[in-house]
Amino acid sequence: MALTSKDLKLVTNPLNMENPITVQVLGICSALAITVQMKSAVVMALSVTVVLIFSNLITSLLRNTIPNRIRIIVQLTIVAALVIIVDQILKAYVYDVSKQLSVFVGLIITNCILMGRLEAFAMGNKPLPSVLDAIGNGAGYGVILIIVAFLRELLGSGKIWGYQVVPDAFYEMGYVNNGLMILPPMALITVGTIIWVQRSRYKQLIEQNG
Amino acid sequence: MDTNSNSYIYIFSSVMVIIVAAALSLAATGLKERQDKNVEIEKKQNLLSCVLIESTVEDAEAKFDQHIVEKYTIDHQGKVVDAVDPFTIDMKAELAKSIEERHMPVFIAKLDDGSTKTIIPVRGTGLWGPIWGYVSLNDDNKTIYGAVFDHKSETPGLGAEISSYDQFQKQFEGKTIELGSYDPAKEAKQQAPVLAVTKGMGEGNPNAVDGISGGTITSKGVQYMLTDCLGFFSPYFNQTH
Amino acid sequence: MEELISIFVRSIFVDNMIFAYFLGMCSFLAVSKTVETSTGLGISVTFVLAITIPVNYLLEKYLLKEGALAWLDPSFAELDLSFLSFIMFIAVIASIVQLLEMVIEKISPALYAALGIFLPLIAVNCAILGAALFMQEREYSNIVEASVFGIGSGLGWFLAVVSIAAIREKMRYSDIPAPLRGLGITFILTGLMGMAFMSFMGFDI
């Protein structure tokens, strides 16, 4: 089965013009707290994407059988069950990262991207487009997370992926890591700046009456 | 089929609950052994790194058996209690008990150079949740040979740095603990620290280490934890001298 | 008592759900346009937290924690159901929210008119589940402490959303660079507020 250009759009659109974080404003809750280091951001992005793909797929397969009145609870159950499985797998195979993510793995359940995409897309579409939509949105979420984590880790602790990248000579010349970058407020300000940059390039995203 | 009828909803939810429950218990029980193993290996690695022996997940068990030569369970008077296996002692449960009923483990490590170190477990509260670790002491029971700390949920990059060797744990080596004025009846906050963890004090001071900038409450938590847990062992240290 | 006051103050100011953890950001960004709607949502969040945290605490203590089932029969002491906690917490939250909606509708139509539209939103508000997970993580020693933590976190969220809404209302009259309007400036604003709240951090009662 070949992918049509419409299918492809489902994947590429969320990367930029319909980015779940900066445009759709979904899933910010769990996103920012774990962006201090690249590694935890990547694991988080992967976990969210995996959960999103499977929950979109399952919901889409079941979409005609789910009773309308209890659909939110059903969606929540699907997501929660998947998140528990992911959490168990993280604990068994990447124990150190799972310790860092702590409660934020659990918070994937209430990550608005999941409920948002399930309600808005998977409930009304066939499995294949739903999976593509999930991949796109997961990736769009991951991209922002990784950019924020990259900036915060680089400026905040002079490292990337846990490795020192700012040479010692800089520190000897008086360069100091910006401790503010690793504090929570800077995550918000970094995202705010990303939105600013994105909207200056794509004027149609500007809000008219903010 | 009417998907909104009550009976359909009941059937749907029952089937869903059964499937979800089955999948989850399968995942949990299937992975449990591996998870428990992770926890056990981590504990052994922590004990080893506390006496500055590096180990990997693979060789941790062999090195543990080689270097950790003795382990005891100690009560509040410093006496050895036989009933409990020191390795499985749950520090959280012990610290919740009154001091008279408390049992704590001690591990004795023998290093390659023939010296022996005493390893003491510590546990306390950081900013967001529990913190714990191990401190190893030289023969004199006063000088710290090494220390490791870990945490459940301290802020990454800030309080979480207590688990970093270069940033934090390294400083403890060679510092002296001061148990002279320890009073088990008082809370850790209200007495002189066994070892101060305060920003800007560590340099050249044998009885203090630098706290973490931005992680003041976690650093204080480490100080209280050391006071509480090392203090508990002061009768034991007095006896072994 | 001292301990309770400390938990209360800390959960409002120091461990503020929004400024320190970014929890409940989605609904926060959506409603913080006007003070009126944000007050409504803020009260609902506080209300729901005040009820769900103690319930989840009991659940955790007598059902989920390792050895928690020992009260039923000593042979259950080895059982550890904590892997079920996510799904149990969210189920409790969702059903309590549903229940509250029905009860409020019956006994106080006026309150229902004010809070009604927000209640369904709250079931998936990260702040509610987040608070339950933090409650579990921090191991509060009794139900009173847990409830105080629940109420405090709710009030903290309330305070945050109302103050940001007040600023956003004023900001409508200022000249913000076009690309920053709306979402962008709200993020930056929340970041700045977060910095201000960080000064409560050293605070020890």
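Chains here go by letter, A, B and C, matching the order in which they are written, and residues are numbered from 1 within each.
In this text, a residue touches a chain if its C-beta (ideal position, glycine included) is under 8 Å from a C-beta of that chain, and two chains touch if they have at least 3 such contacts.
This one's a predicted model, so the numbers in the text were calculated from it and none came from an experiment.
A.B. asks: Once the contact rule is applied, which chains count as partners of both subunit B and subunit C?
C.D. replies: Chains touching both subunit B and subunit C: A.
A.B. asks: Relative to subunit A, which chain has the most distant C-alpha mean position?
C.D. replies: It is B.
A.B. asks: By the contact definition above, name the pair with the higher C-beta contact count: A-B or A-C.
C.D. replies: Answer to which pair has more contacts is A-C.
A.B. asks: I'd like the Å distance between the centres of subunit A and subunit B, where a centre is the mean of that chain's Cα atoms.
C.D. replies: 33
A.B. asks: So, what's the distance in Å between the C-alpha centres of subunit C and subunit A?
C.D. replies: 21
A.B. asks: Two or more other chains touching the same residue: where does that happen in subunit B?
C.D. replies: Only 20, 24, 27-28, 152-153 qualify.
A.B. asks: Which residues of subunit C are in contact with two or more other chains?
C.D. replies: Residue numbers touching two or more other chains: 83-84, 87, 134, 137.
A.B. asks: Return the residues of subunit A touching two or more other chains; collapse runs of consecutive numbers into ranges.
C.D. replies: Touching at least two other chains: 73, 77, 81, 84, 88, 102-103, 183-184.
A.B. asks: Flag every residue of subunit B that touches subunit A in the complex, lowest number first.
C.D. replies: Residue positions touching the partner: 3-4, 8-9, 12-13, 16-17, 20, 23-24, 27-28, 31, 34-35, 38, 42, 152-153, 155-158, 160, 213-214.
A.B. asks: So in the complex, the part of subunit A that touches subunit C is made up of which residues?
C.D. replies: 22, 25-33, 72-73, 76-77, 80-81, 83-84, 87-88, 102-103, 106-107, 109-112, 115, 183-189, 191-193, 195-200, 203, 205-207, 210
A.B. asks: Which residues of subunit B touch subunit C in their complex?
C.D. replies: Contacts found on subunit B: 20, 24, 27-28, 92, 128-130, 152-153, 216-217.
A.B. asks: For the complex, give me every residue of subunit A touching subunit B.
C.D. replies: Touch list, subunit A to subunit B: 34, 36-37, 40, 64-70, 73-74, 77, 81, 84-85, 88-89, 91-93, 95, 99-100, 102-103, 156-157, 179, 182-184.
A.B. asks: Where on subunit C does subunit A make contact in their complex?
C.D. replies: So the residues of subunit C in touch with subunit A come to 19-26, 29-30, 83-87, 90-91, 94, 120, 123-130, 133-134, 137, 172, 176-188, 190-195, 198.
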